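As C-alpha cells, here come the structures.
What follows is chain A paired twice: with chain B in the first complex and chain C in the second.
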Partner chain A sequence: MWVALLGPVIVLLAHLTPRAILASLSAPGSLGPLAVSIEASAVALGVLVVIGTPLAYLLARERLPAPRLWEAGLLVSLLLPPLVIGLLLVFMVGPATPIGEALSKIHLSATNTFLALVIAEIYEAAPYYVLGAQAAFAAVDRRLEEQAGMLGDPPGRVLRRVSLPLAAPGLAMALATGWARAIGAFGAVIIIAYHPYGLPMQIWVTLDETGLASALPFALVLLVVALPLPLLAYGWSTRARARH
Partner chain B sequence: MGWKRAVGIRRALRRGAGLGVVVAGLGLAGAACGSNPATANPPAVSGAASVAYAGSLQLLDEKVIGPAFSKATGYGYQGRGGGSFGVAQQIQSNEISPNVFESIGAAPITLLEPKFTSWYVQVAASPIVVAYSPKSPFAPQLRAIAEGHEPLSDLFTLMEQPGFHLGRTNPDTDPQGQAFCEMVQLAGARYHLPPGTAAKILGPLDNPSQVFAETALEARLQAGQLDAASAFLSQAIQLHLPYIALPSAIDFGDPLLASTYARAALTLTGGKSVHGVPLVVDVTVIGAHDRAAAAAFVAYLLSSSGRGELRRGGYSLVTPWLVGRASAAPKAVRHALAGS
Partner chain C sequence: MLELDIEVPRRRFSVAVAFSVGVGERFALFGPSGAGKTTVLEAVAGLVGPQRGSVSLAGQLLWAKADGRRSSTQVPSWRRGVALLRQEPSLFPHLSVQANLTYSRRRSGTADLGRLVNLLDLEGLLDARPSDLSGGQAQRAALARALASDCRALLLDEPYAGLDAALRRQVTALVRDEVDRRAIPAVLVSHELAEAQAFADTLGVIDEGRLLQVGTPHEVVLHPTSRRVAEVVGYQGFVAIDGAIVGVHPERVRLGAHPRMGPVLSGRVVRARPAGTGFEADLSVGGAELTCRLEAGIGSPGATVEITVIDPPMFRPDGSVVSQHREVLA
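This part shows the complex of A and B:
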C-alpha cells in the first residue's frame, strides 16, 4: 500500500534527469513561481491560523450557536471540487461584484493578482485546516481546562497555558495539511488567479508550452518545497504525543 | 449521388520545409451534398474513436458529433479537450493516447510529425469574434456596433478605455489567444487607428489583467465580470453570448486570406516569432489503436451529417483538403474525401 501510494513520486523521480532539472530551472524567470507559491501559501496559512484557529476552538467546545450547521458549512466547502470553488469565487469577488468594487476602491483586485492567489489558496485549504484543528482541540481533556479554571485562571490563560499546548501536536498536523493544500492549490487558482504564476500554474503552462519533460522538474520543486513543513510537523507531533 | 467532386493539388506552404511535400488535396465542395452515414443501420463493429480536441470543440464534439457518430457507425466515442498546443504536447510525451486529434490550426499537428502522423485534413474554419456581456456597462455601445449602427472601428476605441475589462486566452499556449492579438493588429491597419492602439488595448502579450484560462474566460464573461472577450464564433453561439462579428479580413476564418493574416506577427514569451494563420479545424488519425474507428470518425466529419453539425455549431465550412502524405491516410478517409 505504502509503495502504491508513493508510485507517482517514484515515477516522477525515475523520469527526471539532472540535466532536465537544470535546463528547466535555469531558464530566465523559472524560479519566480517558487517565490510566489511560498509567499502566497505563507500568507494564506497566516490568515487560516488567525481566523481558523478560534473557529476550530469554538467548534470543538460547541460554543457557537447551531454547531452542526457550522460543521456542515465546513463539510460543504470540503466537498466542493476546487474548480467549482474557483467558478463561484468569480461571482463572489469578481470586479463587478460588491466585494470586487469595494476592493477596487482601495486599488486592489481579486482577479489575476497575488491577492486572488491567496484567496483561492485559503478557500482550498481552509476546511482541511479548520477540521484538523477542531479535532486537535476536541482531543484535549476538558477536565484539565476545568481544573485550571477552578484554580482561578481566566479563560484566556486556560486557552494559552492548557488548551493550546495540549492541542499543539494536532494543530501542527492541521497546519501541515493546510500548507500542503495551499501550496498545491490548482482548481480554484486556474480560474481566479491565472497570474501571477505559482508552481502549480507554472507546471500547467509549461506542460502546454513545451511538454512533460520541461514541466516535471517543477513538480519536483513543488514536492521539495512543500514537504519539509509536513515532515517536521509530523515528527514533532509524534514526539510530543509520545511525551504525553 | 449529388457529389461535387473537386480534385486539386496545392503546396502546403504552411507546413514548412520539414515535410516539404506537394500536398494532394481532394476537395469536397458544398455542404449540402455527400453521403449520410446516419441514415444507414450501423454495422456490427468494435472499437472506439478516442478523440483529443481543441477545447473550443468540446460542446459540439461531446453533445452532438460524438453521439451522432456512434449512432451512425456503431463505434464508441470518447473525447477529451484542451488547448491545441497543450494536447499536442501531451500526445508527444505519451501522456495521453488518443487515436484522433482535432486541432485548431495545423501547427499543433505538425509538432507530432512524423512520429505520430504525416497528414491532416482541414474540415472547417473557426472565425473569431468579440463576445460581450449583456450586463456590461458598455453593452449598449457594443450592441450598437454588433448591429451595425455604429462603425466597427468604435469597438477598438472602446476597448482601449481604461475601465474596459477585456479578456483573452494565453497567446503562448492557445491559437485563439494568438489570433486575437493579431486581429487587433490587423484592425489597426484596416481602420487606420492611431499608432499604438493595439498596444493600448492589449498591453503586454501576457497581460495579467486580460489573460485567463479558456474555461475561466467563458465563466467570467457569463458571470458579467468581463465586458468583452475573445471567442470563437462557435463558442459564442453555443454559450448564447452576444457577439460582434468581424470582417473575414481580420477574423482568421477564411483559408483563402492566409496571406492577409500572415501580415500580423507576434513574438511569444519564449522569443519565438509567429505569424497569423487561418484558424482551421484540422483533424488527423494518430497511432494504431482502433484505427478503423478513428478513420470512421474523420470520415464522419467529412460526411454531409458531420459538416451540417459543424455548420450549425458556428463553424464555416471549407473545402476539405488533405495536407501531407495522402497515402498515409486511412482508406476510409481518402474514400470520404474522394466521395467514391
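This part shows the complex of A and C:
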C-alpha cells in the first residue's frame, strides 16, 4: 500500500538524471518561482494561523452561533474543485468587483500579483488547516480547561497554558497539511495568479513550452522544498503525543 | 458560608435544591447515580448556569437570576475561588506533578504546599508526568492541587474512586482536618453512604433533582422521613404490619424475638451466605423478600426463623413516615 502511494514519487525519481536536473535548474530565472512559492506559502500560512486558529478553537468549543453552518462553509470550499474556487475568486476580488476597486485605490490588485497568489493559496489551504486544527482542539479534554479556570485562569490564559499546548501536536499536523496544500496550490492559482510564477505554475508552463523532461526537475524541487516541514511536524507531533 | 437555592434544567428533570454550608462545615450530598449531585457542584463552581436562583459564598453573590430573566449577577468560575475535585483527577498531562501542584494563581504558600506534599506522600513523584502515576497517586496529586489553590470552598465529586479502603480513610481524615483548619465550607457528593457518613457533619439525600432530607448522617439513616429516603439510604425490605409498612435495614436486624427492641417478624430462609465476619440472609416475610446481616448462621434454605427489626421507621402506604417503632410503643 505504502509503495503504491509512493508510486508517482518513485516514477519521478526514476525519470530524473542529475544532468537533467542541473540543466533545468541552472537556466536563467529558473529558481525565481521557488522563492515566490516559499514566500507566498509562508504568508498564506501565517494568515491561516492568525485567522484560522481562533476560528478552529471557537468551532471546536461550539462558541460560534450556528456552528454547523460554519463547518458546512468549510466543507463546501473543500468540495469545490480548486479551479472553480479560482473562478469564483475572480468574481469576488477581480478588478471589476467592489473589493477589486477598493484594492486598486490603495494600488493593490488581487489578480496576477503576489497578493493574488497568496489569496489563491489561502482559499485552497484554509479548509485543510481549519478542520485539522478544529479536530486538534476538540481532542483536548474540556474538563482540563474547566479545571484550569477553577484554578484561577481566565479563558485567555487557559488557552495559552492548557488548550494550545495540548492541541499542539494536532495543530502541527494541520499546519503541515495546510503548508502542503498552499505550496502545491494550482487550480485557483492558474485562474487568478498566473503571474508571478510559483513552482506549480513553473511546472505547468515548462511542460507546456518545452516538454515533460524539463518540467520534472521542478516537480522534484517542489517536493524537496515542501517536504521538510510536514516531516518535522509529523516527527514532533508523534514525540509530543508519546510524552502526554 | 456557602448558600445556594438553584434550579438547573436537565434532560429528564430539573435539579432544584436549596441548602447552606457553614464555614468549616462538611456537607455530603448523597443519592443514587444520575440524581443531580454533580450538577449541584458544577453550578457552585460556575460550570453550569442555573435557570433561576442564587449562589453566594462568604457573603459574595456568585450567581443570581430570577425566573425567565437574564442573569443579573454572574461571577465567572476563575474568580470564584472554588476548588472542585472530580472522580477523574484531571491533572494536566503536559505538566509534571510539581507544575500541576503550583498551577493555581491563588496558590497558598510554599510551606503549605510542602506540608500537603508530605501529608499526601507525593515527595518522590514531583518530577513525574501524570501518565506515569497510578490512579491513587493521580487522585492524591489532584487533591493536593485543589488544596494548594487556597480555595474559599472545597467541592468533592466522588473523589475517592481510585483509592483503596485504607487510603480512603487516610485521605478523608486529611480533608476533614484541612476543612477545619481553613474554616471553609466543603461539599462532598457520593453514591456510597459510608463515604458520605465518614466525611460529613450534615447529610443531604438527593433523588431526581430534589433534596429529600437533610440532617446529621445518623439522623438521616436511622430516621428517614419518607420511604424513598429509606430506600436510598439502604433499607432493602418493606413489610406490612397492622396497616403500616416497616422499613428493614439489613444491619438493624437481630436474630430471635426481642419485642422491646422492635417488631418481631417470622419468615422463611430463601438463601444465606457468609458476609464479612457474619452472615447475610435473604428471608421471605409475608410475601416480601428482605435481606439481613446477622452475627450467627440461621440454618439452611427453607428453615423458619424469627427476627427482630430494631427500632424501624414506619411508613404509610403513600410512602410518608408514620413514626419510629419506639414512638408507637411509647
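To be clear about the criterion, the second predicted complex is superposed on the first by the 244 of 244 C-alpha atoms of A that agree within 3 Å, B and C clash if a C-alpha of one lies under 4 Å from a C-alpha of the other, contacts with A are read in each partner's own complex, and residues count from 1 in each chain.
In this section, contacts are C-beta pairs under 8 Å (C-beta built on N, C-alpha and C of every residue); 3 or more make two chains touch, one makes a residue touch a chain.
Since the model is a prediction, treat every value here as computed from it, not as a measurement.
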item	value
Fit-or-clash call for chain B and chain C when the two complexes are aligned on chain A	fit
Apex chain A: angle to the C-alpha centres of chain B and chain C, given in degrees as a multiple of 10	150
Partner chain in contact with A:G73 - chain B first, chain C second, else both or neither	neither
Contacts of A:P228 with chain B and chain C, given as first, second, both or neither	neither
First (chain B), second (chain C), both or neither touched by A:L212	first
First, second, both or neither for A:P95, with chain B first and chain C second	first
Touched partner set for A:G32, first chain B, second chain C, both or neither	neither
Partner chain(s) touched by A:G46 [first = chain B, second = chain C, both, neither]	neither
Chain A: partner with more touched residues, chain B or chain C	B
Minimum C-alpha separation between chain B and chain C after superposing on chain A, in Å	50
Chain B-touching residues of chain A, taken from the complex the two chains share	86-87, 90-91, 94-97, 100, 109, 111-113, 190-192, 194-196, 205, 207-213
Parts of chain A lying in touch with chain C, wherever the complex brings them together	141, 143-144, 146-155, 161-162, 165-166, 243-244
Chain A-touching residues of chain C, taken from the complex the two chains share	45-47, 76-84, 86, 88, 90, 92-94, 103-106, 129, 131, 145, 149
Touching residues on chain B, where the partner in the complex is chain A	82-83, 85-86, 89-90, 92-93, 95, 135, 165, 170, 172-173, 206, 208-209, 211-213, 215-216, 219-220, 223-225, 270
